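So, here's a batch of structures to check.
Below are two complexes that have subunit A in common, paired first with subunit B and then with subunit C.
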Partner chain A sequence: MKSLSLTELAIRYGFLLLMAGLIVVFSVLRPAFLSPQSGVFILQSVAITGILALGVTATLVVDGFDLSIGAVATSAMMLSAYVMVIWEMGAVPAVLLCLGMGALVGLVNGLLIVKMRVPDLLATLGMMFLLVGLQRIPTQGNSISTGMMLPGGQAAEGSFAPEFLMLGRHRIDFILPDLVPLSVVVLIVIALLTWAFLELTRHGRVMYAIGSNAQAAGLAGINVAGYRILAYVISGVMASIGGILLAARLGRGDVASGNNLLLDSVAAALIGFAVLGAAKPNAFGTAIGALFVGILLQGLTMLNAPYYTQDFIKGAVLVVALVFTFALSGRVGRARR
Partner chain B sequence: MISRRIFAALVSGVALVPGLALAQDAPAPFDNPGDVNIALVRYLSTGDFFQAYLSGVEKQAAALGVNLQVFDSRQDAALQADMVDQAIALGVDGIIIQHGLTESMKEAAQRAVDAGIKVVAFDVNVENAAIPQVEQSDAALAQLALDQAIADNGAEWVAGFVHVAGIAPLDRRAAVWEEVKAANPGINEVAMFGTLDNPIANSVANQARSVLSANPNIQVMFAPYDEFAKGVKIAVDEAGMSGQVSIYSADISTADIQLMREEGSAWKATAATNPAVVGEVSVRSLALLLAGENPGASVIVPPTLITQAMLNELDIKNMEELGAKLPAFAHADVAMAPWMTLPPR
Partner chain C sequence: MTSQAITIRGLTKAFGRNAVLRGVDLDLPAGQVTVLMGANGAGKSTLVKVLCGVHAADAGEIRLDGRAFAPAGPAAALRSGVVTVHQNINDGVVPDLDVASNLLLDSLAEGGGLFLNRRRMRAEAGKIAAAIGLELDMARPVAGLSLADRQLVAIARAMAHRPRLLILDEPTSSLSLTEAQRLFALIDRLRGEGVAILYISHRMSDIRRLADRIVSMRDGQVSGLFETVPLDYSGAVRAMLGHEITEVDIAIPVPGAVMLEARGLRLKPEARAFDLTLRRNEVVAITGLVGSGKSALAAALFGLEAPVAGEMRLDGRDYRPRRPAEAVAEGVFLAAKDRLINAVVPGFDIQQNLTLPFTPRHAGPLGLIRRAAERAAAERAIAAMGVVCQGPRDGILTLSGGNQQKVVVGRWMAEASRLLILDEPFQGVDIQARRDIGRRIRDSAAERATLVLCAEIDEALEVADRILVMSEHTLVGDHRNENIDLARLMTEVSGAADRTKEPA
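On to the complex of A and B.
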């Protein structure tokens, strides 16, 4: 019993310990790492992938998968820029149209998967390609920025609304003046909402039930199709929020595939499986997973580590996290430290 | 075929207006440009630079009155080689190879030359003496930007350098940075970082924030690619250090101009070659070859230095105004012949 409890302890708290250890190591090597600005900045650097990862978590919970989130995010970035720069509308319509676009894409994904019976990976892969192409059609492949030349030969008159840019740039006084960026507040609010939704409401428990056995859930009278579609709508909306924040930070509509956003957020969600030994998708774990990657990248960059070592370490963390998860569910029962 | 003929008719219609007298003096085959077919075989096409390059190729082809066909392999090296064979099979008179890999393009380019087709290559070395290379000089770009950094800040500063090794143009720019550092021992590089994770500006901003908090004494950031510079500028603004850090970069776009002109912007100067001009020069080099003239083994398009002060003084808001108000940027006087019609400005 004693050795078992030790293993369990390692599985439960190993990841959090690893994170604490990293913080200590980085702080010793680079004292600047421990400043409040640095802490807030880590949160800011993971805000966008964190929000996307929470969307991925929602689809993972119902045993689905959404490959289109990166493309939804960059499409939302292009759409918001298009609405403001070319249609010359304000921040509110830009945000609403992006959220609507995210919800619509999620709805189409959900309908393809539930009603047309297309496997989730294939449906969302198709959607990903579709969106990567679609977002470039209106501008013929160009990025959107204020003052850009329109096909008609005039300069675009519109510009990014200041309220919109605030979403990515404004900082709130917290302990120190101008400390916490709005994007971090958005991340924290969304993480709390997702956590509360999945853990505390009936809907959340129903979604977990669908994820573990959809047939049983259906026989118990649950609207399985409805909840699965809902999961993709949540995922699409989260991705569009990520895209809005990205546009607000960059201040332009950037032609980008969003594949890195997809991969980073999936990694965060999968790392989340290992946190507290949950062995299932969960909002708290996802947030910690995103934070973990952010801490690693911030520390390594401060130490002048080149980008490829960062990719390597990101991959290593993911593998270790998966070992944590599957060592727990498997019979082997030996978690690696 | 109909559409191509209509296109040719339109194009020659446009070309006739200013160039009637000139066109008659043009050497064969440009005495009858509607019969000249050229192909652009692309490896890279996504992004502002490549869009602008294409527009330059299209405009110069239209000005000459030749027919242009565009093949886009979308970063598929094998497909790009197949597309050269396709162009050979179509019987085009000339081919522009835009980017690609030496290994995959070398033989395809040789096959085209063997078929009697004139070929020029932009930014890819196909190791063929019969094929002129059109290049934007990365070394000159980096040198111009760094000269300006030294002119602005003296020869003693703490520097951060943004670089991703293994990308040929970035490596050529980095080589100049190493030389400048060696020549100026007062330049102290405390951090080197960089990534090409998409969207690049966002990923670089994250890194630059870490670098700035680890090294708050940085005075100059050399970011010799505009996506890098954008990321660094975001980080400098977020860290509230725009009064202290100066950014020097390479390349330019409308979005970059806006960023450089922001109130108190840290982005002080950039050196750039106009991608549209590079496109025009590519077509003109090919035209020289077709007319039996020699553009030279390497055709270098010279870069222009663009400073924040210049942009503010001339009130330049986008790439078009940059071209209009900085003539050096709108036209490069290379690969020219008196009989050639230039695109309208």
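On to the complex of A and C.
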């Protein structure tokens, strides 16, 4: 192993050290920060954005971008509520329809970008707009909950299936009884699967090749268009999973929820570039990025920082992480060439 | 008596240890078209970039109309009267703006007044266009113009600066015949006005039409100057390609059964059809100038672009690939040229670059990559190619150019193929790497047909059993690499153009 210079060490482990330092500082100032409940709370607070961020990571890997994830998530939330409350169907059809919707949106995004040659940011921006509007049409802009008035005049009879609500609310005994919410388990499983897919399979490898030099990948016989589309389908499905968890937590289809999902999850994925000096999208970094934001917000909240400073703090973390990635590691990379 | 617009003496330029210009002496007289010829890497583009202010020379002197000329940047060069029209036409125009705005772009950039007066702009632009006989609607967006018109707009804009030297870098490479004729007429007119013109091209028909003098460059130096009428076109090509052959030691084996057979292959609608037969255990090189159709042939064989006409058979079966994946599945591999654009994956390490086309062979259930198998394959390829590196996990960009090339060529030799096509496999590598790659190509050739495309004749002589010559998108010569008649070969490389009738 080559010996690493101080700058290289800082780039590689700086972000993880910073995170460890934060944990130490918060624990000293507020010993309750170190409790299992606090840890689980942090995980729960980042579960949904974390899942969305892992999806957008897949599109970043192929040098794309998916701005529609937040809208897909809220659409999935509204769709699941509509299916159960108004169509009075069960949890399984609700989940399947949401996943199908996410996959379909991802497919359309991918086709727009690959076949219609619309630039990725614009295609997914358009899709975001379209979905934000579409999800409000069936209910004329109203939130969906049991007992709501339907256009016909009668009240909606259906309700959220208990199994569906479990996804957002059930807690598993782990160390302490009723400690770990199911949504956190879902996050951890998805993070592990995404990591394994991107790092350990040939498909992930090929997607990184496309992101690094699509021309060379195509000349190596790789189906560049197909993998690009796949990335957007993955992103769409992940976003719909996030939406399902959101609906299960809220227990209603709330038109006002989920406004921050897009920015928070994109920030997590971009912060992930700085983790371990990867300087590229990666699943581990994305998970750490989401966790970092969660830890920081939880710690500051326990120190009584007002809620309205949260976005400012997230933005500051993102900018610092981007400087880390592009200025510092870029310089070392250039020196090596 | 013609005056020298530009005199260049002892110009040198190096990038790191790589000396690109090694003492260039060149005069460019006013009112004459000087054609500059040179193979890839001869230093043409660097010379142009020094003249137009992109690079500063390391040593040497340039004088423009007798005064020392050392532009601080492209804008300074432009102000001094050195105007360059680049190969990529869209570098010269802004497609979203109209013709008038494009013609006045430089004065717009220099500022002066906050608001634009459309009528005055159109009138001024009209004057610029009229000065070079360009008749276009000033209000039309440039995006709606043909490539030729865009180029004429770029030139017209350049001419508004009253240039002393106009540099045209392969201006006809994307123009049709009639479009090129309009450009030539304009060049004639500028020549008449006393502008010195430096014209860079490989197209013999262009050169014959325009050249007053020809300068050949090779290895960063001027290797030939031809200005007596009639111009010695073959001599110029010879001077550009060189002919010192170093220790060619080829033992031609007995070729095996036919592997690829192409009948009536036509690469361009106006090109002549040709046949091509490649055999097992045979290394065939195709040589020819840049743009002679070598890469178009590779594109047809690898499924990148279907040929205009013709049949192909591979190992006795019909072969008509529609995309690279199909070609690879049939065992036809292409190591593309221009490695940094077409081959190197900069974010990957050596190992990942080596195994890129064949990840399925190193993957188990669920597509999980078997690390040990992949690493072993990478180490085999590194050893076989003689890649100098610390280990397979080093980043590809930590390698020298020659070793990068070994990696991207080696990736296609790691698996057995029926036909291996190598497009400029020796591009931008040092002599040692060239030997290593050439030896590896020959040593591994027994079970496949091998096709090497290279513009440099030396390279073809070093690697091939048989050398074919390509010109104007068709095959014009076939030589067994044994006591080869170099003079004939050279004439074929340049000579096809000598035989073609000049379009009226």
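Here is the rule we go by: the second predicted complex is superposed on the first by the 320 of 337 C-alpha atoms of A that agree within 3 Å, B and C clash if a C-alpha of one lies under 4 Å from a C-alpha of the other, contacts with A are read in each partner's own complex, and residues count from 1 in each chain.
What we mean here is this: a residue touches a chain if its C-beta (ideal position, glycine included) is under 8 Å from a C-beta of that chain, and two chains touch if they have at least 3 such contacts.
Because the structure is predicted, anything quoted here is derived from the model rather than measured.
After alignment on the shared subunit A, the placement of subunit B and subunit C results in a side-by-side fit free of clashes.
By the document's definition of touching, of the two partners only subunit C reaches A:217; subunit B does not. Look at A:326: by the touch rule set out above, it reaches neither subunit B nor subunit C.
Taking the C-alpha centre of subunit A as the vertex, the lines to the centres of subunit B and subunit C open to an angle of 130 degrees, rounded to the nearest 10.
In the superposed pair of complexes, A:258 makes contact with subunit B only, with no contact to subunit C.
In the superposed model, A:13 lies in contact with neither subunit B nor subunit C. Subunit A has more of its residues touched by B than by the other of subunit B and subunit C. Contacts of A:48 after superposition on the shared chain: subunit B is touched, whereas subunit C is not.
Legend: residue contacts after superposition of the two complexes on their common chain; A:142 is shown touching subunit B, with no touch to subunit C. When the two complexes are laid on top of each other via chain A, the two nearest Cα atoms from subunit B and subunit C are 27 angstrom apart.
Taken together, the two structures place no residue of subunit A in contact with subunit B in one case and with subunit C in the other. Chain contact summary for the complex, subunit A toward subunit C: residues 196, 200-203, 205-206, 208-209, 211-213, 215-223, 280, 336-337. Remark: subunit C residues 302, 304, 324-325, 327-329, 334, 336, 341-348, 352, 356-357, 359-360, 362-363, 366-369, 395, 397-398, 411 touch subunit A in the complex.
Contact residues on subunit B toward subunit A in their complex (touch as defined above): 45-48, 51, 164-165, 191-203, 205-207, 209-211, 213-214, 216, 230, 234, 237-240, 253-255, 257-259, 317-320.
Every residue of subunit A that touches subunit B in the complex is listed here, in rising order: 30, 32-33, 35, 37-38, 41, 44-45, 48, 74, 77, 136, 140-143, 145-149, 155, 169, 178, 181, 246, 249-252, 254-261, 297-299, 301-302, 304, 306-307, 310.
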